[in-house]
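In order of appearance the chains are A, B, C and D, and numbering begins at 1 in each one.
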């Protein structure tokens, strides 16, 4: 309680300041620590080829997490993102015959449609987001499997593969795309009418509604954006794996994405979105998994370590309330 | 004997010293008024007394012993019972379950005795004028009835101290009378009562002693009877008596200049909504303040919301400046120039987690942006304008609205409405829960706005406010218009008569 | 203030009005609360007409025994959701409970039940304590527990490759035997549900659960021990998931490590279909039973059709889920408006 | 169990990829209808149940289910009499699927089990009705002729051993190798790992397993893990993938890391078209087959059984293998 006296008598570390600073930047501290460990103990860690792999692997999660962060900002959640990735993936090989652009457009349209369904169920029917998106979580992947005939299909289209494994100015195209999307979403949240409205909805939906904000339209848009981002992630996953496997693409990614968002400091209660934090959250989880794999630790250890890191990160970042 | 004592208590929130070395003594069998402006620290003091907050410094004494309450439960067990400012019950649970929560009667097996609970609940509540089926969900009751349940709950336990934080702000006159009856009973039993209210006439009716808080400090404590009303106000506000006297109690100047033949800016015709509203018609001309009168539950809030597009209607028309809006949505209503200030500021008015700036700008973002990109410069301009004009007290435009005092929150809400440059302003209890100073400011603001040519609809449970502020009063009952008061008939007496006459009429029809 | 209206007159009018409103309220409320039951009845009738094999006693027994573990998990989830929380860790705890139970069965019947309860109950305590005392979101705490418990299960089973066999004949017999044609586990689950119903509707704890979910702040100000209540519901959820694991181990005769993921979402779906609000504060156990059975019956009927490819099965389940939940929501809305 | 000794060479391409049974060990346990205690059933009019464990996304599963359906049609079993279920990797669902089929009166059960343990309740129920169970692909830990009739499938441990031999040959008996494990907890994974490691230790002790991580039997995971592996263990010489999907994922990772075909030797198991093609392209060194075409053998076994013939407790099929020498010519027998 009496921090003032403590600092007066012992001018050592300013605990109060650290405490105020940690919640916002705790995830970056964790990243730094993990990086340090890897630099010291993991061979080849600082090599560009390795860093590159980490960036590539986290790109789809970052993209999905961006959309998830927006949805969470409205006090929602979207469980269907993995299924959307599968749908996008299933559609690509079917339309690749008409060219990459056509295939991409079709898979994005699928994203739009799913988003419209989710958004409508949440905004207009009034379902709880978790339940509304649960239906497509269950059914969406099934639909993807129906569309793809349940079969994994190889993708040999060079243009598409370029998106997944090509470089532009020495940096993977995939990473460029993810970075661009981060900038766009960050900009949208900070600078646009849509961004402010979205946060207001998350803060107090009835009040925002009474203020004359077209809440339903904004909400539907948010879910559409989230699904479209997921379908981008889905088609990039296909480009990267060079095959389309509706049964595996994006499996359980909803949980990874939510984790990235929350670990990055965005509260599940809505009203605030941390875009950079979300990227940091994804990076942290990527580094954890990479570290575990590189040190040949098995899933049992990886999962328990992940659990602890999530808890610590979120504990540090939790909302403080005076008592 | 001092029943409850607060000794030199301080409580600091980030950026605010909500209580600064406050001492306060409650005697047994005393009704002690606790007054002060919005944000003076009344609720905070109460929360310290009841274990919701722990004081940062200072101590409590209860029945002549040092006391410490870690949780509200501790305080309750010790016999300190509280009705908080916002009704704090569980809307989804039944009335009886709310009444008995945590102390439900149990049978021999240790299981709850529902039968007994319902029986006893009905018996208890009748004394408070609540005759509803106690198995009904509490949330479906009118606010006043809910407040009565909270009161019954607080008094039911063997309380030695009962604390009431603005208990009457959502009660109708009849219920206020019941409440005062209960207070007198408690008083007679030697129970100490702390009573917080912004309604000064109530204080003088019921209280023995008074403590005045200003900016977290005690500025006066003593017998209420010894304290002139005007002096009390000046202590509260920290202003000279003469200044207070000059300004008067309500901020209304009375009477607005409206051309009798002016076309109405708002015209409502035969508004119907499933079982709640029946053929409601009235109109408002530019520069006119039309009051909506009636008891709680009369449908005033629903009427206002329906006009603003926030309550579903089955029929009827809403016209603004002669243009039919055809069942407006909230978006269309705002676009057409209708601004609604909802009754429940916290739940439907403000986004507590966002800043003053974001809240004021929320409704007008499209106007302050180009191609969907907001212009911070233009937002700042408008925010500064309204913060100045409404004298909003905040550390700055970036302060979280949730941390402002009630009065300032209300002003932020009004600022947001005004920023939309409305043609009609629909105000639902605009001065509920705000202090005399802020109240007068809001009231004179309403005058000002009318003078600028806005049409205003005013809903208030404070009859005085209604008749002084409005040029005409449309009286509602059970969702229907039962009369209209104009000219000399705009008086408290006429208002109550109209309501009563309608009640009798209905009775005869049954 | 003058009082021109007599109290009696006003009260009488109000009362008449209220009585009418209450009647409608109650009927709609009943449909809403028991909506899942109504749908269940409809589905069962259709199934019985359409599929001769569906209406056999054996098939009913099979549906029940298959529904036993998910029902227990959904029971715990009901309590958690009524407090406004969520527990994502139950699927992992279920698998962990099964492995621990099979392992402990070497020391007898009692350890086979108690060991998983202890382990899963403890994780429930951790969940509850973190949620109640450090104000972390239930979603994220139990998500971490989902990972942690699965890691633990893998750690004690050599990355899942060791399957402990049930070493106790009585325990095995409990899992596969039956009374009156209905498996013992079903009887046990029925008893636990009966206890759960009494707990939720007839005890102070049960009312505290509703109060916490209805409004945490209000409950706290009304003197409800909010934190303790929260801890307990997560403990219960953990215990029930552990018990579900145990009866499943008894039935399968081993601590299978590859049980499917996603049990937590099934449980949430069942609870929601049963009419419990995810926002907390309302819900019934009877509804949850109907929700669990509904999911089981639908699955069974898809199999009855014969040759539905697996992908179509998912589509049907998803569509069905959507229909039921949308219907529920409209019923709730109907109730609010009238 | 199956015998050790020389590995059976791949069957002749003429057989079109059909399963070939290894000669049973002399004196191995057998089972007849009489011993089993069941009644004779005419397959043409019988009700048959087939329970598939995983979604038909992996070529192995597609081929497996299709083969059962095709053979049933060939035998003239009306499609209404063949009930198929798919547990979508949910073990409890597979258990209740089978129980439900028993309730609905099937007279023969063919099961592709998700897991080797956990079948107590099913056996109890099937035994009461004397329904013979043929388990295919994965074996169930229980007693034949009482709990179930017979197991038809590959010897997974043997597959691991043969992969080890191939790896040893590819690396000239020395170098560091990594294992891409199958889904954890799966007995296919366990046995393929054990067979590989044991054989490496025995036959090529200078080959060191330095890395083993699960790729969940999926291509994407296989690729991700391989990408990490190639960074942290740049000296890796060989990758043993416990199924073809993961091997194909590793191939993409190798390409991404700028490797050329043959830089890192991949040996895997299954024999899908994609993997055999990768041998032709030089990315994969060898593939040990795991033949999923169980239909003919399963129904043939059932027919024999109902005719009173003795059925061996394990019917182990001889899996072929693919490498540079036969990949091109035998591409058509891959599935």
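Some observations on this one:
Everything below uses one rule, namely that contacts are C-beta pairs under 8 Å (C-beta built on N, C-alpha and C of every residue); 3 or more make two chains touch, one makes a residue touch a chain.
For reference, the UniProt names are A, C = Ribose transport system permease protein; B = Ribose transport system ATP-binding protein.
The structure displayed is predicted, hence computed values, not measured ones.
Identification of common neighbours of chain A and chain B yields C.
Each of A-D and C-D has its own count of C-beta contacts, and the greater count is at C-D.
Taking the mean of C-alpha positions as each chain's centre, the chain lying farthest from the centre of chain B is D.
Each chain gets a centre from the mean of its Cα atoms; for chain C and chain D, those two points are 37 Å apart.
In whole angstrom, the spacing between the mean C-alpha positions of chain B and chain D is 73. A separation of 41 Å divides the Cα centre of chain B from that of chain C.
In chain A, 145, 150, 298-299 are the positions where the chain touches two or more neighbouring chains simultaneously.
Among the residues of chain C, those in touch with two or more other chains are 154, 159, 309-311, 313-314. This structure has the following touching chain pairs: A-B, A-C, A-D, B-C, C-D. On the chain A side of its complex with chain D, the touching residues are 42-45, 47, 49-50, 53, 56-57, 145, 150-152, 154, 165, 237, 240-243, 245-249, 290, 293-294, 296, 298-299. Interface of chain D with chain A (complex): residues 55-59, 62, 184, 210-214, 218-221, 223-225, 227-229, 231-234, 245, 248-249, 252, 255-257, 274. Only residues 13-14, 53-54, 56, 308, 310, 330-331, 333-335, 340, 342, 347-354, 358, 361-363, 365-366, 369, 372-374, 416, 420 of chain B touch chain A when the two sit together in their complex.
Residue ranges of chain A in contact with chain C, taken from their complex: 77, 79, 121, 125-128, 130-132, 134-146, 150, 252, 255, 258-259, 262, 267-269, 298-308, 310-311, 314-315, 318-319, 321. By the touch criterion stated above, chain A contacts chain B in their complex at residues 1, 191-194, 196-197, 199-200, 203-204, 206-214, 271-272, 322-323.
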